[in-house]
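Read through the structure below, which is laid out as structure tokens, and then see the notes.
Each chain gets a letter, A, B, C, D, E, F, G and H, in the order it is written, and its residues are counted from 1.
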Amino acid sequence: MQDRSADIGFARLDLSRGSRTGFPETIYCAGKTKEQLLTILQKFEAEKIAVMGTHCSPEQFEFVRNAGVSAAYDPVSRIISASPEAHPRLPGSLAVCTGGTADLPVAEEAVRTAEFFGAEVTRFYDVGIAGLHRLLSRIEDIRQADVIIALAGMEGALPGVIAGLVSAPVIAVPTSVGYGASLQGLTPLLTMLSSCAEGISVVNIDNGFGAAVQACRILKLMEKNK
Amino acid sequence: MQDRSADIGFARLDLSRGSRTGFPETIYCAGKTKEQLLTILQKFEAEKIAVMGTHCSPEQFEFVRNAGVSAAYDPVSRIISASPEAHPRLPGSLAVCTGGTADLPVAEEAVRTAEFFGAEVTRFYDVGIAGLHRLLSRIEDIRQADVIIALAGMEGALPGVIAGLVSAPVIAVPTSVGYGASLQGLTPLLTMLSSCAEGISVVNIDNGFGAAVQACRILKLMEKNK
Amino acid sequence: MQDRSADIGFARLDLSRGSRTGFPETIYCAGKTKEQLLTILQKFEAEKIAVMGTHCSPEQFEFVRNAGVSAAYDPVSRIISASPEAHPRLPGSLAVCTGGTADLPVAEEAVRTAEFFGAEVTRFYDVGIAGLHRLLSRIEDIRQADVIIALAGMEGALPGVIAGLVSAPVIAVPTSVGYGASLQGLTPLLTMLSSCAEGISVVNIDNGFGAAVQACRILKLMEKNK
Amino acid sequence: MQDRSADIGFARLDLSRGSRTGFPETIYCAGKTKEQLLTILQKFEAEKIAVMGTHCSPEQFEFVRNAGVSAAYDPVSRIISASPEAHPRLPGSLAVCTGGTADLPVAEEAVRTAEFFGAEVTRFYDVGIAGLHRLLSRIEDIRQADVIIALAGMEGALPGVIAGLVSAPVIAVPTSVGYGASLQGLTPLLTMLSSCAEGISVVNIDNGFGAAVQACRILKLMEKNK
Amino acid sequence: MQDRSADIGFARLDLSRGSRTGFPETIYCAGKTKEQLLTILQKFEAEKIAVMGTHCSPEQFEFVRNAGVSAAYDPVSRIISASPEAHPRLPGSLAVCTGGTADLPVAEEAVRTAEFFGAEVTRFYDVGIAGLHRLLSRIEDIRQADVIIALAGMEGALPGVIAGLVSAPVIAVPTSVGYGASLQGLTPLLTMLSSCAEGISVVNIDNGFGAAVQACRILKLMEKNK
Amino acid sequence: MQDRSADIGFARLDLSRGSRTGFPETIYCAGKTKEQLLTILQKFEAEKIAVMGTHCSPEQFEFVRNAGVSAAYDPVSRIISASPEAHPRLPGSLAVCTGGTADLPVAEEAVRTAEFFGAEVTRFYDVGIAGLHRLLSRIEDIRQADVIIALAGMEGALPGVIAGLVSAPVIAVPTSVGYGASLQGLTPLLTMLSSCAEGISVVNIDNGFGAAVQACRILKLMEKNK
Amino acid sequence: MQDRSADIGFARLDLSRGSRTGFPETIYCAGKTKEQLLTILQKFEAEKIAVMGTHCSPEQFEFVRNAGVSAAYDPVSRIISASPEAHPRLPGSLAVCTGGTADLPVAEEAVRTAEFFGAEVTRFYDVGIAGLHRLLSRIEDIRQADVIIALAGMEGALPGVIAGLVSAPVIAVPTSVGYGASLQGLTPLLTMLSSCAEGISVVNIDNGFGAAVQACRILKLMEKNK
Amino acid sequence: MQDRSADIGFARLDLSRGSRTGFPETIYCAGKTKEQLLTILQKFEAEKIAVMGTHCSPEQFEFVRNAGVSAAYDPVSRIISASPEAHPRLPGSLAVCTGGTADLPVAEEAVRTAEFFGAEVTRFYDVGIAGLHRLLSRIEDIRQADVIIALAGMEGALPGVIAGLVSAPVIAVPTSVGYGASLQGLTPLLTMLSSCAEGISVVNIDNGFGAAVQACRILKLMEKNK
């Protein structure tokens, strides 16, 4: 194994993920102190490695910006991107569909991540199944996408319904939207896993980031036979 | 309280439920010995009270029939009805919809119970959402019903989708069909409770009987303003 | 499908639910920003469509009122109703029963919703089963109702007891009142689903709104045979 | 500590529990081989110590009887009592109430244990709350008891209702009767623990034995002030 | 049923519990507004009925005191007692044992309630099983009690160990003390229910109050044979 | 919607899934009677539509074969394929990796399904992480695949470890292999969803079939840019 | 990594674990077919590598013995050992303590495994805490051990009590002995993890094998400073 | 039993744990008032007994320091040590490994505790399995340790991977790092318990302290054969 990593005491930075996986480096900002995040971003800046971070609080962003790190920040998705020049364009296209408005922050995490990784993304928001015509009126457009990310909270039925209507792979993202029996997202998670539709696989609750990376890995396959 | 009951040692039979609730007496056969079931049915026979039992095993039925009780038995729904002359006709109509073929025993428990109570029932089987056109091609007929019972296992999304397409009250029945993350019916149960659609209320897992009684109580209201 | 919807970017408003289901449009305010809620309410105002919202925080209400939206707000039920002229009167009557005083906010959500939808509602509060005479002294009045909503937290036994004493359909609402083994409402939810009483169906924890809509769908059936 | 025990290899028999706690020795037969059970019973027989065993299978009983142990067996409660001459009479009286007929085996475990320990027991079976008049018609008799054991499966509401109607301590026993949302007895267990009624404490699911011992410890207190 | 209750709109006060159960009236203060609590306490004051409330916040207490209600308040147990003259003395004695110091608020809820109900209480605090000699050095004193309340969080083993060492009934109270696998008290709850010791029954997590009432019901039995 | 379906009473067969999704029709055999399965297979045979079924018991297979249906059966994966001539070849290649030998039936379900759908599959069995060199010695071969299905029971760590070592999308399949804390597959399911590795999405417990369909949908994308 | 493994199709055998970890190779027999087990054992026999297998059914053993494999079998622990000449003697001593007789099969799995690995083991069976004198009368002998394995089902309190009485490390094994609230061993598992005693770590439910290996790894450390 | 304890009202201090277990006294500060903590520390100071406390808030520390107690405090691990002169040196060495940076507070709790108890500790931070080369590049150093503590949140796979690569005993610590399906640490807890690797035992979620004490008990064994 010739992979490089940098030991900065509290962390060992993976400096070769880009060459190993073909995608930029990413950081999970939650649970890191502001000082730790700063040190990490400065290290990548020095190495000229593009990097983005999820679950970044406004306080964390302000701290690293004030310390001179050059980074962009989107308060809805809570994504910080320390090297805004995006990744080379990926082939194909990605659709991101949500059940309701409250799923928007997680959806934007998916959209921004995929765009940072180089994907072309179209948003289809608030097409939940309680009013099926909202979905059906847009389904032809959704069918144009090569990969689909579908997010839903509460009962989480949207990804299964979409998967039955398209032939593209669907990445399902349960969200913690809802209350009571939706169990902070466990219910839509279980729903999506139990779906009797084909062509659906699932990521963690509220994990828009993970869905986007998976979608980009899939899109990247299309390069192969170009 | 002027309600009558009969003490037969291991049980106190409710002999006035018919007059109190307007519906026939019912028995939960599981957990009762064959001898206990026989004693109960004979008592009702003697009192000339119509009665049906759910969760009746073929062995239980054979035992009571051999002992001379006059009763009908449906092996799919596992319903025994000791007085097959049905209840007076209820107004309105009931639709019973299932997501898949494996939900059939629970669906038949609902259908047979509702028919025993006097309802007019139409079956809409295997209209699950994995192939949405199966549901959409029948939705106009389903909309004719005054009350809808919708059953589904696995991810349990059918009742919520139907509730968003109709204006009738939907009684949702989660079934234990599925495996793994469907958790013996807990997942469709939680799904149905978390549905963002309006006009849906839920009964216990595999409780086709309970859904039918609730549907009949609702249909009976329509008598009032005749 | 000829249903109309309005795309406002983060949401697709359902503009034809009224004509499709016979009831006013409703909004789930939690998880929406103040600005999003404002945009939605203004859109409905412009379309002259009556609308109510649940889970509306005082801050959300203040924001939309200050922005000129004409709406009423009830801080107990947290319901905002942007078009206070109520729906046409529904036939029949609805009883709303609670186990204890702490269930009051959820009960009021049910009451206010049903009244907005046009139902005639009577309150029966604090008739929980720990002191059964409180329920028994009122049961004759409760029996007059065509539909009953019964709410309870803690052990959640009230709806089952009522369902055994009446012939009307009972919509059960578990509440998150309690601590420890009541598991934020999961225990009364499971209790109500497991009830051996007949004529009971259940909605999500604290979902007074959903119970009310279901009750109104049922009451609306009584119009049919007028 | 001067307590005596006998080491028989796979087990250490407690030979002084009788003098320490005032009650006969008891054995949990499940998980023991027939040979182990025989050895234990023979040891107690040799020590002339009265002993009873719960969860004893018919096969276990047959084996030890064939091996010459003198013991009685009740197939409903699955209790073996190797020394049928009962314990000295306890003061006061015990009521054992069940919600339904299917609770009978657990109820009989409680009754037989309490009788073996010397208590006077009255049975009140099938007084569940789905038909409240069955309970109310017997409540005056139940109030005569000094201690009450109340068993219920499904939603498990009976003990709480009784506790609100009497002043005696109520020992609640959830049973595994039911299906789906009753979760093999977990739901009635949680219900009983969450009861807003006073004067109720709970034992394990299907633990009629434990309830009886607790009841007998309580009854024994009445001896003190004689 | 000749029980009296007072309808004050949001609640129906049980005015005859004292004569029915032999104990003072009690209130669960959580989930009630300050105004509701005041109204209730004033009503009982006017009826000259002794009353105590649990889960009373300092803010609630201050409000009702400022409004002129004469009541005592203990900030550790959070008990308000609006009529401090205690109930007539109960026979026998009660021991309250805790596993650790952090169980103290729940233990004091039990102690204060039992004292308000007239019981003589001895505290045995911090006798948890991690250092068994702390328990064994006090066990002879604990054995003098007629009823024992044992509280423990974390693994919750204390009540079972005590029950094996005494002949009095043990009321077990799981507390929410602990973290991680103790699951906010669910683990000690399950532990206590699963105890293989005899003579133990369990109340809800952190329910010192319920344990005390059950203990007092038991102690009251000793009056009978005086 | 121009989709065709055939109503055969207990089921509505989807006759246009092939043209809609580009893949053969599939059946979930569990929960269907032998007669129902036969009717379905005969219908597809008559329509000359290729079909395969999962969870097919040996008894079901024997019954339909004896009735004259021409179908192949693999007892390890329990897959019946009624039209063994496979689908047109898909581009790219699929690796199927298992943690241990006991995962083999689920792995074979994935392999057989993917092969039926036209994929080229390589097996990498028993490369679990308890002996990491088993995985590391094969990782270069695994990296050749365009899509990877990774199965594991017990702690379920394999897919996450692989996802960190490759750039292809990984479809993770938790299996019910294990005991105790692996909770019939729930633990590996949660593990895979919580993985901090990127490029992993998850299907239901033991759902080798679903993983294969998702993998084939992904592989099919590679056709696009040929 | 110079580790050797043998690819036998359905499995990759780890042939260097002995030299890597200092302990014999072990097999988890459950989920393997008889033929697979035979192939594995024959491979190790050919390599002259000592091996033992857990969860071996009598049928599996009979099959491999009939096929000529030379192996011993213990039906209580269900351990097969294909090379009965034990491992070199480990330093120190191990105590294996059980709460009750029903824990014996798991305890024997621990004892037999540790003995196969070369440890000196003493059994302390049935010293559960319901009768504390049974434990206290043996505690001085238990204190002589360098490592202690403590097993318990039901409430699982034994390991914590022992850990508070000794200075040796305690490996806790929850067993699935019990019913109802013991949740097939989950309750003792959670109890042991939540123990407030120090010096305790936990393995999976019924995992006597894992506890023994961990104990032997610890004992092996004592060799170092000889 | 000649163990000494001091009764200070709300607690019984164990004054002989040092001589009984060979390690310093420790306190769980959470759930204790500032005044209680002060009293305890002053008592130990007066008895000249070394003591450390976990879960100590900055406010608690400030209070006891201002009251004149001489104690050190580490804000990352939240450990207070009232007698900083450490315990006599333990033989051998301990490695503490973390999956990610967010595990640092729990890791430091383990490190600081072990150092206070006299162990030599080496930190291996951020060697999680998502980038396996980070672990593999350090594994030779980790192999030098006599005991290993491995911490991980999210999917919790690190300890199992390490246990398969070393021959030392591994103490696994699940952390509450993660979101959604990691269930506040329950998922890594279950993962570690289900690990198919050998030589791993587990402590409570976030219990760095417990892991350190167990590690020190093990290291202390190495003294024996010096």
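Just so it is clear, a contact is a pair of C-beta atoms (placed from the backbone, for glycine too) under 8 Å apart; a residue touches a chain by one contact, two chains touch by 3 or more.
These figures come from a predicted structure and were not determined experimentally.
Chain centres were defined as the mean of their Cα atoms; on that basis the chain farthest from chain B turns out to be H. Rounded to whole angstrom units, the spacing between the C-alpha centres of chain C and chain H is 50. In this assembly, the C-alpha centroid of chain A lies 26 Å from the C-alpha centroid of chain F. Computed centre separation for the pair chain E/chain F is 57 angstrom, with centres defined by C-alpha atoms. For chain H, residues touching at least two other chains, in rising order: 28, 100, 131-132, 180-182, 186, 189, 193-194, 196, 198, 204-205. Every pair of chains meeting the touch criterion is listed here: A-B, A-C, A-F, A-H, B-C, B-D, B-F, C-D, C-E, D-E, D-G, E-G, E-H, F-G, F-H, G-H. Of all the residues in chain F, the ones that touch chain G in their complex are 100-102, 104, 125-127, 131-134, 136-137, 177, 179-182.
Chain F contributes residues 20-23, 26, 28, 91-92, 146-147, 166-169, 171, 189, 193-194, 196, 198-205, 210-211, 213-214, 217-226 to its touches with chain A in the complex.
Interface residues of chain A facing chain H in the complex, by the touch rule stated above, are 1, 3, 5, 9-12, 14, 17, 28, 30-32, 36, 174, 176, 184-186, 189, 204-207. Interface residues of chain D, counted against chain C in their complex, comprise 99-100, 128-132, 154-157, 160-161, 163-165, 178, 180-183, 186-188, 190-198.
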